[in-house]
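What follows is a pair of complexes built around chain A, which joins chain B in one and chain C in the other.
Moving on to the complex of A and B:
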């Protein structure tokens, strides 16, 4: 009899412990599950700008120097709505400076400042240049970095070329105090003042010269930042003629 | 006859009629395996082998069998009830899973149909997007071309404005020179001649600029 009781208790215990292995009833199905999108149209290389132009194209302007008996053209890029950067030699001997945006708007410059430290000039305008401005990089590009140059070669259409940074080089024109950088990006007269962009679209330099080997030379962004931080290095350019 | 199920707990008083097992040592030993039996007759001495045969455990008495059977019936009833409950539980759970499975299959079918519709729509939209991108590329190209044409036109306008100013300055210089020639007595001949050369050179340069401009237009 006692063995039967023990067996019964053992069987009950075994059965109870086996309850944990019994299948459970299904839980309620979720009703508020919202899948998160894996791709956003605003991301990736296919993302469109408001008008189909890239940010680099929209911030790049064509500079027209109406000088004393001559007219020359160059390139510049907007730092903000009323300030742009170009080369000093683009606005030399100027009587009037006009800039034209990527979409054909013509804007008159009000003031221009140059420096002897580098072939850089800062131009201001009364009318707004637009809504896209340069994102200035913190560091200079290094050798083998891929760069892109956006500008108006020969005063023609807005165009983009790419190249690779070759490294530091002495200034071929002797107009800069610091070192400059040589790249393989092909530029032409009229490209002077073009922004040089890294792969993230940040400005890493300003085109100012080329040589017979079709190498281009750029003022590194560190020099540009120094000039922007030390405004005392900039001297207003007086109208000639 | 005793009604006690466990006779070993209340052994009856010792009696000579107790079954005796004669062990090898010769001492009588009480056997707890079977209840004592009351005998009414005179004990008869029997050989040891015969006594052993008489004292083997007797089969369980009928009440004990009934009691055990009752226990087993209860146990079987409990087990049967537990199995029934278990079967019912499993059936209910199975029904719930099947019901949810059916719901999920229905939802999956609906979602599959929706995904198929969405894929078709995506393909159509992708085609529209490609077309729109081509149109946009064409439009941006036209904007760039127009901006280029506008810039060149503005360059020419600025150049012609400068040229017109130069011609005007040339005309003013020539008028001034003529005025000086009309009052030649006031000036030295050499100064008049120098002025004449300067005016002539300046106007020649302006005229040459115009000729160059015309030539550039023709070359383009």
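Moving on to the complex of A and C:
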């Protein structure tokens, strides 16, 4: 009989333990089901610029060389608020250098430096060039890389063309030390000094020449970085006339 | 064995005789009833627990039902908001398309005006160079004209000197003639250079 009682107690205990399976009471509901946005529309890589122009367009300037009895134009791009890069031949025999931004602002250059190492010149301005500057790549582009050139061909409107890197080439003008890069991007007189951008918008070179086959030649970014690091290679360009 | 059995029979017989069966049943009944009491108590406890748990389950069920109803209401509210936002999104996308077109046109206009300004500044700088060159030519022309005038004046003075009654030594006259010739040569050279430049 005692065994029956024990069994019954066990059965009751088991039955009561089932009561623990009762669901818990519901907790309070959240006050707001709408999550807060994690990214602002003004952030991120696809963010709009203040006026709809791309960073490449905003940093690219038109260079006017007022020389002794002549006027020539080229292109340059801002390294920072007061420094820009262009070609040496763009500012040769200059009396006065003026740059104009994409939105029409005219700025006078204060100094200019050139080098014999490459067809590169560094221009400084007293007035700020703006708020968008070049993001210089760490490495040179390689063959088949897609590149974009932003500039003022023939001194005209700001335009953008694309091309592919063909590979290393000897300097067609015979003036640069080392090799340069050839691309299929079509450039014109006036495009000299244009920034060459990779697909991430980083500057990988500077346009300085073209040939009859419409191939363009660029000074690779490694040469540009060497010049920027070794300022002793740059010589102030004296005003002519 | 048979003895035992016999003994048992004899004991049973003797109990039947000595003790009435009813009095024996009364002595064993309390010992056999307590399990049932325990069972009944347990069953009563179980019943009470079941009632309690049933009540508790009912309460929680009602709470869950209320929350489900609240969530359902919230879901409908959010669904309506989503629908409204979708409509607003479609409307805003249409506006964005229009604004992108306007922005594209504005950018085009900015670039066009910037280009026009650049060309105008080019023309201005070129015109300035032309003005400076013209001013230079005018200055040189005035200088050449002045030189020619001085040449003419010198020749007139030389002629007057030769015609005068004053006595000059031949050396003085020769020096004077040379200086006038040099003056005229320089004036003519300046004039011919100017004419050549003007011809270009």
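Here is the rule we use: the second predicted complex is superposed on the first by the 223 of 241 C-alpha atoms of A that agree within 3 Å, B and C clash if a C-alpha of one lies under 4 Å from a C-alpha of the other, contacts with A are read in each partner's own complex, and residues count from 1 in each chain.
Quick note on the criterion: a residue touches a chain if its C-beta (ideal position, glycine included) is under 8 Å from a C-beta of that chain, and two chains touch if they have at least 3 such contacts.
Keep in mind the model is a prediction, meaning the values are calculated, not measured.
**Q** Clash or fit: what happens to chain B and chain C when chain A is overlaid?
**A** Superposition result for chain B and chain C: clash.
**Q** Would you check which partner chain A:158 touches, where first means chain B only, second means chain C only, and both and neither mean what they say?
**A** Touch status of A:158: both partners.
**Q** Let me test your reading of the model: by the given contact rule, A:212 touches which partner, first (chain B), second (chain C), both or neither?
**A** The answer is neither, since A:212 touches no partner chain.
**Q** A:69 in the overlay: touching chain B, chain C, both, or neither? Say first, second, both or neither.
**A** It touches chain B and chain C both.
**Q** Is A:138 touching the first partner chain B, the second partner chain C, both, or neither of them?
**A** The answer is neither, since A:138 touches no partner chain.
**Q** Check the residue A:26 against both partner chains and state whether it touches chain B (first), chain C (second), both, or neither.
**A** In the superposed model, A:26 contacts both chain B and chain C.
**Q** List the residues of chain A that touch chain B in one complex and chain C in the other.
**A** Touching chain B in the first complex and chain C in the second, residues 1, 4, 8, 15, 22-26, 29, 51-53, 62, 64, 66, 69, 71, 73, 98, 100-104, 106, 152, 155-158 of chain A appear in both lists.
**Q** Applying the document's contact rule, which stretches of chain B touch chain A when the two form their complex?
**A** It is residues 67-68, 71-72, 75, 78-79, 82, 86, 89-90, 92-93, 96-97, 100, 103-104, 133, 136-137, 139-140, 143-148, 150-152, 154-155, 158-159, 162, 166, 209 of chain B that touch chain A.
**Q** For chain A, which residues are in contact with chain B within the complex?
**A** Listed in rising order, the residues of chain A that touch chain B are 1, 4, 8, 11, 15, 22-26, 29, 48, 51-53, 62, 64, 66, 69, 71, 73, 96, 98, 100-104, 106, 152, 155-158.
**Q** Which bits of chain A are touching chain C when the two form their complex?
**A** Residue positions touching the partner: 1-2, 4-5, 8-9, 12, 15-16, 19, 22-26, 29, 33-34, 51-53, 62, 64, 66, 69-71, 73, 98, 100-104, 106, 152, 155-158.
**Q** Going by the contact rule set out above, which residues of chain C touch chain A in the complex?
**A** The contact residues of chain C facing chain A are 32, 35, 38-39, 42, 45-46, 49, 53, 56-57, 59-60, 63-64, 67, 70-71, 74, 78, 81, 103-104, 106-107, 110-115, 117-119, 121-122, 125-126, 129, 133.
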